[in-house]
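Shared between the two complexes below is chain A, which pairs with chain B and chain C, respectively.
Presenting the complex of A and B:
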């Protein structure tokens, strides 16, 4: 008879609290449920406040992508009021968001992903000592250096916006400040410093040279020639850990696109779109809805459009197992994040890697640490543009009381982030947020489709249930952020007191 | 440096956004990791950084709670989630309310540190009607007590050290750990915040002080005037070193034209609009700490008249 066990595994090195409930049969995962265990009720906090307060409240949803939430909040308000920010503000916003995302990609790779290879699970691996030297938590030489570099890139956000995290310098109509020419040139130096470190240590060549590597073969050749780079080490470890084979979920990808064209802000230079079963389509926001059939809500109106959701918390709901809802795009489970961004944008190298190896844990994580190669080029371009346009205005709109609704779609470090806001006489009537981790870490839907990383876990071999390293690799390759996700809940009837019985 | 043997630190995240963890990672010279090692602080657990397995972590918690493993410093990030209905089930660990674990750890720790405004005073989700019913470790808004009660003292006989800020400024944690690691006393001021970081106001050191002095006011974003009179800046009534120890070593919100939202205050996030200054008869309702209203307003009117052209010029 098959040996079957079910257990709850709390996962660390993710942002926030995540449990994975897995059923393992003969060492193989046969069922997986992703459980967001912390609920924070942010939409309730927003309701009734003046519209601009979303610029202060929503960044506090997430400590690692606070500028991203700020951008989404401002986008939603500008969308509702039909405001176009001036070019200089667009450059400074791009720089703020790019810097935060570069920081996040680097911290996730070095501090949250590579540390796994220094775990005793790999003590017999040929790379164990090398990995420990470079990536041991708190001590590894490369990780320490990477941490320092992230503090440098964040200085760019601080120069433009005052501090990181949790500033509110991006406002409807522009930006709150005019950095001096001295400050802008200092920011440029910080960007060049990061580029130089990233080229030498992570890539092993210049950004320009790297952009010419378009096939799997030339990429692997590059790694052989540059064996002492972080991407080469990661690839060696990944091969040993079989990350090329595990973690596949589907070929459905969603990206909202990023980096606005300063001269035409509605254009995104890294384009938005979806890939469904391998085929590119233009993004159609109206196809997004949330399914609550397996979430802790009263089961009325199981499929909800972002603006019209009605939600009654109910931990007794029969099939519920998480506070997260399940966003779907035209009934499809989508994955989002750096790999989706690259594929939707037609990145040649990642497309060929995905063609060859699929959306495995290796390719998904690799896409993250390769993304700065693209983003740093845009940062370089925008800071140069900001310096050349120094003196141009960066704010063009007085804030007035208004009524209306708007959507803010932003590409966060972890993927597609949407804010839906409805304002009445200057006050927030309703606020709905769908985060990247809601897409990636969603529960099942009514049709029985599992969420993206739930599905990626099915069939995974789990050699040591006391130290389920394979699970960690797979889920961390999505870069989960639960602090964002489990309060992306529309609390229209929030004044209701909960009477349900607790008992999981 | 005179430190005794290694001190252990356990970092608990509860109802929060991880922003305080992200902020302390910005510590520079020394960087956070070098800082811990210089002070011989042994980080037993940080949820974003540690790599021990969940089974080892379970075991470690058991030993700490049983008193078999020394816990010198307990850092708590995020508020204590009490909802729904006092059950704490909106924030669980291993199927149980996280507040129960916090209670156990607080009993065995030498020093308990509330990291950030949520842990200190309740912060986001701490107002009536908020779903999670969050409260601070030993204070709820202005009221002493909070989750652990006003009589709580850690094993070393200390009350909870509050390090408010949304997020915490890395220097606030650095300054306290510097003292704790050296076994030096941490002098606490109002609301049990360490004087070493929280004595100054945010206003002190702001580059827009001259505008404040001459009442050159900012009415909208993108200008360079003082934001105290119209845009809701709470710099003169908020205690923190934002403008003396700069953020990310380079700047502060008020220098970048973003008003101080008073994020270290006990009532943050207060319900009144963030970008508006509440006024009474056209003048700010809350004046800088300790001033006499009549004298202050008379002085400001005269100062506005005396304002130099180079400051007023931007109003043209």
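Presenting the complex of A and C:
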């Protein structure tokens, strides 16, 4: 008789709490449910407030993606008022958003993902001592250095924003601060310092040289030649842990694109779009809706367009098992994040890796630690442009009281973030936010389609259910901000309870 | 000059207690204190610790009497942090300061418990005394 076990895996986040409930038969996951356990209701907090209050409230939704939420809120208000910011403001906004995303990518890789390889689960692995030396929490040489360097890049936001954290320097029409030429030069130094560290330690070559690596074969050759880089160590550990085989969910990807062209702000230099079953399509925002059939909300209108979305909590809804809604694009479950961003933008190396290995945990995590190679080049370009254009206007007067609706689409560290706002006589009538984690960690929809990481867990073999490291790798590759304390109940003996940890 | 960093999630009761204290000082001008809205900045607050100023962190501690002062060492001994995660990021940061900074500042943590009647007055009274002790 097959042994059936249900595990409940709390994956707590700053933005809220997240659990994953899995059923395991003979060591293989046969069912997975993603459970958002904390009702937030920011949409309801914003209703009735003055439109500009969204610039103060939304950066406090998340401590890690604070600037990203600010950008989305501002984009939505500018879209509603048809405002275009001046070029200098675009450069400084790009720098703010890029800095936040770069620090998030690097910290997630070093402090969260690589730390797993120092777990006792791998104590017999050939790399264990090396991994511990580099990535052990608090002590690992590489992790400590990564933490220091990511602090340097965040100083760029502090310089531009004039306040840190929870800055509101980005406003409809431009930015509200005027960094001096000296401050911009200091920011440039911070950017060059992190580029130098990233090239030497993570990549093993310059940003320019790395951009010429376009195939799996040349990438693997580069890793052999640069065996003491972080991406080479990660690849060796990933081979041992079989991360090339696990964590696949689908070939449906969504990215809103990022890095606005200062001279044509409606253009995103890293383009937006979707890939559906492997084929690229232009993004059509009207195809986005939220399904609440398995969410704890009043089941009045099960499929809601964001502009008309309502947030009426109801834990008694019959099929509900989460506070998260289920965003869908043209009825499709989409995954979002660094891999989606790279594939939508036509990145040749990650496209060839995805073609060969699929959207496995290795490729998804690799995309995250390779993304700074792209973002740092744009940061270098934008800070140079900001210095050369010092003194140029960085604010256009915005309309103070208006009526209209707008959408702000931003590429956050974890993927596609959207804010939808409807304003009437200067006050917010309706506000809806769809976060990247809602896309990746969504529950089932009315048609029974599982969310992205729910689906990625199905079929996963767990060698040690008391320390289900494979689950940790798969879910962490989506970067949902988890802590991974696992509570388990053996369904064959409901009195027996375990408490243990995935990962560290 | 001393620095006060208020941490917590202002939208969650009672976690936002330190931020509600912070909101009240926005109306005042403090000559000898620098107030920081740390909020849910977590690890991102590291730049604020790159200072020689003595720091007082205001935070909510469940089950702890209002206006109780802890040294950083006391808190780290009580809070068992083995790894980095977003919810424990701030205390991971505090636990890392000795390896990240050559000379970390003196840090104390003051508990804010909004379930205590008139908790703000107790906090402000403590801060007034703490500020004067520095003069």
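The rule is simple: the second predicted complex is superposed on the first by the 468 of 504 C-alpha atoms of A that agree within 3 Å, B and C clash if a C-alpha of one lies under 4 Å from a C-alpha of the other, contacts with A are read in each partner's own complex, and residues count from 1 in each chain.
Everything below uses one rule, namely that contacts are C-beta pairs under 8 Å (C-beta built on N, C-alpha and C of every residue); 3 or more make two chains touch, one makes a residue touch a chain.
From a predicted model like this one, the values you see are computed outputs, not experimental measurements.
After overlaying the two complexes on the shared chain, residue contacts for A:63 are found with chain B and with chain C alike. Touch criterion met: A:167 reaches chain B, while chain C stays clear of it. In the superposition on chain A, A:403 makes contact with neither chain B nor chain C. Once the two structures are superposed, chain B and chain C can be ranked by residues of chain A touched, with B on top. Of the two partner chains placed by the overlay, neither chain B nor chain C lies in contact with A:189.
By the touch criterion defined above, A:299 reaches neither chain B nor chain C. Of the two partner chains, neither chain B nor chain C is touched by A:211. In the superposed model, A:49 makes contact with chain B only, not with chain C. The intersection of chain A residues touching chain B with those touching chain C, taken from the two complexes, comprises 12-14, 40, 42, 45, 60, 62-64, 66, 107, 111-112, 115, 137-139, 144, 147-148, 151, 154-155, 158, 164-166, 483, 504. The touching residues of chain C, counted against chain A in their complex, run 9-11, 37-48, 82-89, 92, 95-96, 99-100. Chain A meets chain C in the complex at residues 12-14, 40, 42, 45, 60, 62-64, 66, 103, 107, 111-112, 115, 137-139, 144, 147-148, 151, 154-155, 158, 164-166, 481-484, 503-504.
The touching residues of chain B, when paired with chain A in their complex, are 13, 15-23, 25-28, 31-34, 36-37, 43, 47-55, 57, 81, 83-85, 87, 89-95, 124-125, 127, 129-132, 166-167, 220-222, 224, 242, 247-258, 261, 263, 269, 271, 273-276. Interface of chain A with chain B (complex): residues 8-17, 37-42, 44-45, 49-50, 52-53, 55-57, 60-64, 66, 107, 111-112, 115-116, 118-119, 137-139, 143-144, 147-148, 150-151, 154-155, 157-169, 171, 173-179, 186, 313, 315, 393-395, 398-399, 466-467, 483, 491, 494-495, 497-500, 502, 504.
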